[in-house]
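Okay, so chain A shows up in both of these, paired with chain B first and chain C after.
Then we have the complex of A and B:
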């Protein structure tokens, strides 16, 4: 066993152990790790946004390429800061309205393309037990999400009940799958601590 | 800025309006819009609109706020970690108003924890409006609507810290969640909070089902605002969605029958724009 002298590995190990101290209970070491992580992330995203969006927009896209329509986006973005001026805070609602409107429009325009692919993928030939189970599962699950018909029609309610079972089986399978994946993540951390930090290779 | 970048990368439209293969998308959106308009018009003229079936997770929202009120502890709301261009975040906006109004009415502290600056700004505005409508603008505290970090796990760590130190009694998580879903739900469960988790992220739903007292599965979060408001006009939108689902179910049945009888047929796929 040979403990590493690499400061990067030491930093990783200390941060990992500091976070794991939470498994005992909330404590000052976990709080330090939490606040360091939060501060680093905030700084990282500030620098990332500045060098990838703000600076290229002003220097390159507007200054060099003459794409002046970006000025509109910058003005719209700056309007949000009016929320800090109480008497003019209503102005900040315009960029917010724009964002929500854009989000709604984007969703409406591009969501059908996603589920239309799923619809056509559901066109399975009913010539095997597997395909029949898939077909029944899709329809029953879809019926489970009929919110207004199930209340009035007991047949629809019954089909929805079958759909609920399909959903629960699928969720149980996904749960097991993800727990195993998380276990792998933990093993990765443990491996780092044991082999890279403590230098145990036996 | 992102919107303008997206515009530059968009494919060249055909007929000057539609990008390739998007005609059917437009027809679906238009059809849905017409059905919603018809249903909302019916509701406005006082004609019967079908009621929404009971959704336990939504029934529990008022119960969770009531428990927090009794215990004198805050209610936490987390709208997922994605921005306003995600429908799940929009669904979360639909719930914030109801929750904030209830909290204002019962003088319960309302904390909204955000991972994205845009939902943060929108939720602050919705909450401020909710307190105003309840006649309690003085009770609104902007510091309780918080932007923590845009980095997923820094946000998660900060939320866990707030759970530990602020000791909320209720935790309502509605929106798009990823790997942080389990950490948040587990911590909330460990703290004994009453928890309601809702998302359409299929990989994260199992954790909400396992760790939360009530869970909203997929589509249920989109019916939430109509369900909570109990307004017939808003019910109209849910009825319209049901009609669209019926049409889609019929298309699946026809597609499966065609695939069985005539496996080489591409008629229906062609009608659906080649998807």
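Then we have the complex of A and C:
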């Protein structure tokens, strides 16, 4: 075992251990780590977006290429700061409306291609147990989501019940994958502490 | 101007996206590219709002000496020191990147990994409920986990991977596809309502008309 002298690894180890102190209970070390993370993350994404979108828009698109309509985009973005002026806070609705409109248009324009493919793929040949289970499962799950159908009807209620089991299976699979992913992250941190920081190679 | 203007802007921006995707003229004029840039620029500027908002809130905490105000100082110090470094060096600067790799990235990964412990205890609590649905959910999750972790192979050999693959490829596909179709149809209907001006929550309206 050979503890590293690399300041970068030491910094990583201190950050990792500071966060894990929360497993004992909420404490000042964790709170400091939490606030450091919040501060760094906020700034990182601001700097990232500044150098990737704002600066190129001002210097290249407007300054060099003469695409002056992007000045309006900058003004539109700045309108959001009217939230801080109570009497004029309604002006901040304009950028919000543009983003919602863009998102709405995007949903209407691009999502049908994805889910229409999913519908097409659902109509499988019923020549194997797997295909039958998939087809029946999709129908039952969709029936569960039809809230306009009376679930008191024994046939509809029975189909919806099977749909509920399928939903539970899907959520269980998603849950299992999430747990595994989080534990993978933990193993990654533990691996860093043991091999890179403490220098234990087994 | 207070409500109609934003509503008109919502409708126009959504129509431009639809027009430039589905119509020949829209594709010919290539409206999507400038519109995408408009979105990116205005959205990037809005990120500054988050930055300013955090500053305003935590300066207030410090001024009023609220409980935990010391952490607000830590937060503001980190934010502004990193901002100065970033503005001098750009995002590719040596020290700026060093802090990202050795502080922000491990903090982020560790914060997310912390959830592993709580999610496991949540699973145990769900198992104690002893309903049919909770049991199906957890048995399924167990199969998926054992099939994808070495311990599953150690207990059941190839069977764990086989069962996990079957659950994921058959039962999960059916359930997840049903859920996804429900989400897609719901999202599409909501988008249509916003475009038609029936949904106004985003402009401070009462929500639905």
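To be clear about the criterion, the second predicted complex is superposed on the first by the 197 of 202 C-alpha atoms of A that agree within 3 Å, B and C clash if a C-alpha of one lies under 4 Å from a C-alpha of the other, contacts with A are read in each partner's own complex, and residues count from 1 in each chain.
The rule is short, and it goes like this: a residue touches a chain if its C-beta (ideal position, glycine included) is under 8 Å from a C-beta of that chain, and two chains touch if they have at least 3 such contacts.
It should be emphasised that the depicted structure is a prediction, and the values quoted were computed from it without experimental measurement.
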item: Which superposed partner A:108 touches (first chain B, second chain C, both, neither); value: both
item: Partner chain in contact with A:44 - chain B first, chain C second, else both or neither; value: both
item: Which superposed partner A:126 touches (first chain B, second chain C, both, neither); value: first
item: First, second, both or neither for A:145, with chain B first and chain C second; value: both
item: Touching partner for A:180 - first (chain B), second (chain C), both, neither; value: second
item: First (chain B), second (chain C), both or neither touched by A:197; value: neither
item: Greater chain A contact set [chain C / chain B]; value: C
item: Chain B and chain C footprints on chain A, overlapping residues; value: 19, 22, 31, 33-34, 37-38, 40-42, 44-45, 53, 57, 69-70, 73-74, 77, 80, 83, 93, 96, 99-100, 102-104, 106-112, 115, 119, 122, 135, 138, 142, 145, 167-168, 170-172, 174-175, 178, 182
item: Contact footprint of chain A on chain B as seen in their complex; value: 1, 3-4, 21-22, 24-25, 28-29, 50-55, 83-87, 89-90, 93, 118, 121-122, 124-125, 148-151, 153-155, 157-158, 160-161, 164-165, 182, 202-203, 205-207, 209-210, 217-220, 223, 235, 238-239, 241-242, 245-246, 248-249, 251-253, 255-260, 263, 268-269, 272-273, 275
item: Partner chain B, residues of chain A touching it in the complex; value: 19, 22, 26, 30-31, 33-34, 37-38, 40-42, 44-45, 53, 57, 69-70, 73-74, 77, 80, 83, 92-93, 96, 99-100, 102-104, 106-113, 115-117, 119-120, 122-127, 135, 138-139, 142-143, 145-152, 167-168, 170-172, 174-175, 178, 182
item: Chain A-facing residues of chain C, complex; value: 2-3, 5-7, 9-18, 21-22, 34-35, 37-52, 54, 56, 68, 71-72, 74-80, 82-83, 86-87, 90-91, 96, 98-104, 106-117, 119-120, 123, 133, 136-145, 148-149, 167-182, 184-185, 187-188, 191-192, 194-195, 202-204
item: Residues of chain A touching chain C in the complex; value: 7-9, 11-12, 15-16, 19-20, 22-23, 31-54, 57, 61, 67, 69-70, 72-74, 76-78, 80-81, 83-84, 90, 93-112, 114-115, 118-119, 121-122, 130, 133-138, 140-142, 144-145, 163-180, 182-183, 185-186, 188-189, 192
